Amino acid sequence: MSDLLDLSAVEARAALDAKSISATELTSAYIDAAEQTAALNNYVLLTPDHALDMAARADQRLAKGEAGLLEGIPLGVKDLFCTTGVATTACSRILQGFTPPYESTVTANLWAEGAVMLGKLNCDEFAMGSANETSAFGPAINPWQSAEKIDLVPGGSSGGSASAVAARSALMATGTDTGGSIRQPAAFCGVVGLKPTYGRCSRWGIVAFASSLDQAGPFTRTVADNALMLQAMASHDAKDSTSSDVPLQDVMAAVGQGVKGMKIGVPREYVMDGMDPDVMALWQQGQDWLRQAGAELVEVSLPHTKYALPTYYIIAPAEASSNLARYDGVRYGLRVEAGSLDQMYEATRAAGFGEEVQRRILIGTYVLSAGYYDAYYLKAQRVRRLIKQDFDTVFTTVDALLTPATPSAAFAVGRKIDDPVVNFLNDVFTVPANLAGLPGMSVPAGLNGDGLPLGLQVLGKPYDEASLYRVAGVLEQAAAFTATPTRRAGGAK
Amino acid sequence: MSQLVTGRTGDWEVVIGLEVHAQVSSQAKLFSGASASFGAAPNENVSLVDAAMPGMLPVINRECVYQAIRTGLGLKAQINLTSVFDRKNYFYADLPQGYQISQFKHPIVGEGVLRIVLADGSTRDIGIERLHLEQDAGKSMHDQHPSKSYIDLNRTGVALMEIVSRPDMRSAAEAAAYVRKLRSILRYLGTCDGNMEEGSLRADVNVSVRRPGAEFGTRTETKNLNSLRFIQQAIDYEVARQIELIEDGGTVDQETRLFDTNTGTTRTMRSKEDAHDYRYFPDPDLLPLVVTQKEVDDLAAALPELPDDIRDRLINDYGLSPYDASVITEERDTAEFYEVASAGQDRKLVANWMTVELFGALNKSGQSLSDCNISPAMLGGLVGLISDGTISGRIAKDVFADMFETGKDAASIVDEKGLKQVSDSGAIEALIDTVIAANMDKVEEYRGGKDKLFGFFVGQVMKQSGGQANPGMVNQILKSKLDS
Amino acid sequence: MSVDKTTVAKIARLARLNVPEDRLEPVANELNGILDWIAELNEVATDNVEPLASVTGHALPMRDDVVTDGDCVDRVLANVPEGASGFFVVPKVVE
């Protein structure tokens, strides 16, 4: 069984086409794997019957030679994507029982290419968090462990997605990234995670967190798989006004293209005080790999880097406070009866939203409120322009940037932190790309001293995912990251 | 000019500004593809976007944008090629998103002007501050159940144009004239049907009072008035209330009020202790709206002639009175009817026949111009028969009544009923001689100084002729015979 | 900029979020911690910088005026906590 689980999606597609395995077999193996790794709490809803149904239909299409890009590939869907007839909760109590009568564009694209849905994956409530600890369904657990053998966080908000792919309970998974919610968990779980250019994937049907920052993206175990999944997910969607119609390059071809002649920037401001020495070392190692592969490494400057986090923590909560106003108990989800209409609103939202979500709604409401709008929100949007301009300038001289993905490896579940700002710092390397709308990818690059995965982040120009795949392809080959987590399905290898 | 209101302690000037919400005429809604039509079953014209389901996103309807631009052009206003949509955040059961998509800092249309005509025929220019596009809200029904309200989202998301005037009006009459004119322009342009009863056009009235020459006083806002009568009543009530309040030593609170149509009074809206903080910010699901100058120019070139321009033309070129010109150009279809009816005819006479006889008949029968039996050509034909002397004005009224009833044209009726005016002087002389001979005593009295009897003789001659004698000729010949 | 219990209560009201009395102070402290950190932005000179509301670089796409949606009462009401005869039902509002 674990042999099946170790096939990459590209390999599985070949095997399916060659009829050496069937979609039903492959899906069954993943269903078993999901059940076996249930303790990781990655799936908030497993849909085995639905999955086998889809697999059966995939087998029919395979028999007729009508395979789509992802025909027969079993994947998990972050519970932020609305899936027709399948409960979608954003891992929040306020959406308990919500069954959408519609499908998000991204998942519709995946099903149209023949992919199979294993179920809905755990995440931070309304995508707010970087450890998957704010979910109404309880934390998702990282399948990696250090010698201490304690539960570690998988990162967030797409913790369930990253963990499932790492644990081999999904061959691929969808995620969303607003401030790092794909790239950071990918790094924590030793998998590949891409946040595409803003506008590359449609946001229609994805529960909105921060509209100008949210972007759907793929989690996979290999870079080639990632390109394949992006190809299937991305599309121009007329139902999303922010969707771009710039055509996607041939990203699958880019994976093996190498980096000869490319100029890779290393931003000096990403060297942080007291940086984890393992992270620093890996970053250096990454630069060496790229240099050896024929790229030129150049130090660059992104002067406003340190302001990215506070900027993000004004803009994201502000947009979220407005996006979450629709959760009011009137038309769907939880309703707590409590007297008048306003009382119902207040009781429903207080009972339905968790602490982190409430905190962000309050901050967001505050920074938009009369008297504070100019000082906070408008100020943040001005700084945002400066941050974007930094990147625009740098990208006139380099093709891509190499940075660490996270300041550390995965940390313990339930780590007691009184100061919410400490948690925000998890996103220090990832947030700038969201503010500037740039594509960014995290690639597993090595293990730290505790045997936990660390990732390297590649950032690129808008709509230039191909360059990311070129760099990531080289990093992947050089890193030769073959380690697998102890708590993976099919046992540790 | 003076429209001052006299209070207990002196004169007061009334300052009025209006915010009119006009539903855009379009097939689909502003940001969703659901139908914008009126009268559907509950929640039938509601898409998932309108219902604010998770993950839904707005996409703007080009025609709604163009309708707003057309309206701006009709108000001689500045068209802003770039404008921004903002979210206006508040909670209410008929607002599923928890925010309304509107335009705050950068509306699509800027300053313009609207010319109103007052009862005495004078005109005033009222400034337009801005026009912006926004979503309409749904409908709540609070009287179907003792403890529950029922929500219908059909109207949610329908495009509204909010047209804000400057506080240039100084009386309820001016306010009513403003709304009438605005409605007329919107209907001319086809950008809003102006049906106030159905809610396509509603007004919020901002009213304040001040001593002449003083600074603006504190204003109140009375919302959702859907008839000219209510607008005037609300203003009159507010003005009286505010004056009394101030004269009694109190101050006017800046607040929002509701008008009670039953009592004709305004009252404070309940539970507004926390002033609304709408937390406007640019909607991140939308990008700035950009239209090109070419798009605007094309729209301008295709606009129909506007009421003010037609009115000026009717007065200057056709010699119509300002009053008649205003009445005829109130609605586009009457102006078009008039144009066709009066072509090649006595323009003033046609105007007179339209405003008096035709409109009178329509009022009585309850029909509209397009429903009734009279076509423009028919009216023109009737007037032509008067002009060329075939029938008298008096007979024409009977012919008209017949036309209105049966749909037959004037010439046919005149022929069938033999109503041709008698203008043969010989025949008329004969009639006159008959009447004179039969009334010699009165002839004596007339010649003796009782001038008023002339009318009696005219009447008798007309009666004898079955009304068909040419009245002018009768007068002339009768006079010469009697005075001789 | 400092937030106190009263402000928290006001913001909570605006956001229709019931924050219990005993949580007002702790929440105020949390918010202040975040706001103090956010205040770092005041270091940045932004006098002639336009706010950036969108990163896409394209203008707002417009759609044709055609009815393509609606007429799906079942879907719209599918998840309603309380409905009646095609309406959404909420506690009565008095204006």
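For reference, chains read A, B and C in written order, and residue numbers begin at 1 within each chain.
Note that in this section contacts are C-beta pairs under 8 Å (C-beta built on N, C-alpha and C of every residue); 3 or more make two chains touch, one makes a residue touch a chain.
Keep in mind that what you see is a predicted model, and the values were worked out from it rather than measured.
J.: Which chain has its C-alpha centre closest to the mean of all protein C-alpha atoms shown?
T.: Chain nearest the overall C-alpha centroid, as shown: C.
J.: Between A-C and A-B, name the chain pair that shares the greater number of C-beta pairs in contact.
T.: Pair with more contacting C-beta pairs, A-C versus A-B: A-C.
J.: Suppose each chain is reduced to the average of its Cα coordinates; what separation in Å results between chain B and chain C?
T.: Taking the average C-alpha coordinate of chain B and of chain C, the gap between them is 40 Å.
J.: Averaging only over C-alpha atoms, locate the centres of chain A and chain C and give their separation in whole Å.
T.: Spacing between the chain centres: roughly 24 Å.
J.: Can you give the whole-Å distance between the Cα centres of chain A and chain B?
T.: Chain centroid spacing, chain A to chain B, equals 58 Å.
J.: Counting only residues that touch at least two other chains, what does the list for chain C look like?
T.: Where chain C meets two or more other chains at a single residue, that happens at 14, 16, 53-54, 56, 58, 60-61, 63, 72, 75-76, 88, 90-93.
J.: If I count partner chains per residue in chain B, which residues reach a count of at least 2?
T.: Correct list: 48, 51, 59-60, 91, 93, 149, 151, 277, 279, 284, 286-287.
J.: Taking each residue of chain A in turn, which ones touch at least two of the other chains?
T.: Within chain A, the residues that touch at least two other chains are 98, 100-102, 212, 238, 241-242, 321, 325, 328, 330-332, 341-342, 345, 365, 369.
J.: List the residues on chain B that touch chain A in their complex, please.
T.: It is residues 48, 51-60, 87, 89, 91, 93, 96-99, 149, 151, 277, 279-281, 284-287 of chain B that touch chain A.
J.: Considering the complex alone, what residue numbers of chain C touch chain B?
T.: 10, 13-14, 16, 53-54, 56, 58-73, 75-77, 84-95
J.: What does chain A use to touch chain B in their complex?
T.: 82, 88, 90, 95, 98, 100-102, 104, 203-208, 210-212, 238-242, 318-319, 321-322, 324-326, 328, 330-332, 341-342, 345, 365, 368-370, 373, 377
J.: Help me check something: in the complex, which residues belonging to chain A touch chain C?
T.: 97-102, 198-199, 212, 238, 241-242, 244-245, 304, 306-307, 310-311, 313-314, 321, 325, 328-335, 337, 339-347, 349-350, 353, 358-359, 361-363, 365-367, 369, 372, 375-376, 378-386, 388, 419-421, 424, 435-437, 462
J.: List the residues on chain C that touch chain A in their complex, please.
T.: Interface residues on the chain C side: 1, 3, 7-8, 11-12, 14-19, 27, 30-31, 33-35, 37-44, 46, 49-58, 60-61, 63, 72, 74-76, 78-82, 88, 90-93.
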